[in-house]
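Have a look at this one before I ask anything.
Order of writing sets the labels: A, B and C. Residues in every chain begin at 1.
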Amino acid sequence: MEAIAIVTILALLQFVWISVQVGGMRGKLKIAAPAISGHPEFERMFRVQQNTMEQLVVFIPALWMFGYFVKPLWGAGLGVVFIIGRFIYRAEYLKDPGSRSPGFMITFLPTAVMLIWVLVALVWMQF
Amino acid sequence: MEAIAIVTILALLQFVWISVQVGGMRGKLKIAAPAISGHPEFERMFRVQQNTMEQLVVFIPALWMFGYFVKPLWGAGLGVVFIIGRFIYRAEYLKDPGSRSPGFMITFLPTAVMLIWVLVALVWMQF
Amino acid sequence: MEAIAIVTILALLQFVWISVQVGGMRGKLKIAAPAISGHPEFERMFRVQQNTMEQLVVFIPALWMFGYFVKPLWGAGLGVVFIIGRFIYRAEYLKDPGSRSPGFMITFLPTAVMLIWVLVALVWMQF
């Protein structure tokens, strides 16, 4: 499970990096806490962070269950695709929220594949 | 722990289903990202999603610790109650946010029971 | 891993306690769901809750990986620092959002230390 752990840490560090950028924009654009709106650039960065958190809540359990019940190295590979998808999502969303779908799908598909795969494998094992 | 994993996947798929509905309402009600307000129907769906995420952040660790330290099958049963509570919460919140309490409690109680149970069991084991 | 589990439960109960306070403020300040703004006191409490969730999403995987790959008791100790930092963050943010940085750093540093430590340990182990 070492490969699963390394990919988990990289995905969490990516989220920390995005969160730091949200904080940085508060300073740059003078958006004092607790406000979460007031400038389109801040709102985009904030939504990138929030959406990344929503994805992580599903991705991390999916990744560990896949690593445990199916195959750790394949899980690590799918996890790398997740991280690459997030970089694309972030870059595209900041340029134009309307173009966020491809990066979103590249992030989301690895998680969906792992969830369904583990579910099918576990149900299969009962028979 | 297979039963715990299956319940985890079902709870995560329920969250994905709710998240897809938030995305769908953006299209239907013309609420372009990064906005998260603008129409009461969208705001309700969005709050259902956000509250579900808040619950999952506590529920998933509670479920796995309960499965590991107490009894997996009871954990899976409490997890099914969580999922049913979320369906009720979602349906009631969308009709009228003022009636969201019963669904909320049906979701929250299984998590609270598991957290306290594991805590008492672990502290007990030290003596 | 019992110590890791106990610290996890305490951190989750702290988050539940903060979430209950957000709900309480809805009643006290007449902020009906789905609204998430309308009174500075509510918005501060809500942001404390949201930021705590963002922290937990990184902290809990970091804590368990550190406990598993490095040393559970040190992880539990760093986890206690996280919880203390959150109490400070909450108290300071509610008084004045501008003074939230020290509590934030006391919460965040244990997580960062654990993530980097596990990453270095795992990469080291490959050679």
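Definition applied: a contact is a pair of C-beta atoms (placed from the backbone, for glycine too) under 8 Å apart; a residue touches a chain by one contact, two chains touch by 3 or more.
This is a predicted model, so every value here is computed, not measured.
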item	value
Chain contact topology (line, ring, star, complete or other)	complete
Numbering shared by both copies at the subunit C-subunit A contact, with half separating same from different	different
Distance from subunit C to subunit A - Cα centre to Cα centre, in angstrom	19
For subunit A, residues that touch 2 or more chains besides their own	53, 57
Parts of subunit A lying in touch with subunit C, wherever the complex brings them together	2, 5-6, 8-10, 12-13, 15-16, 19, 32-36, 49, 53, 56-57, 60
Footprint of subunit C on subunit B - complex, ascending	40, 43-44, 46-47, 53-54, 57-58, 61-62, 65, 69, 93, 97-98, 100, 112, 115, 118-119, 122-123, 125-126
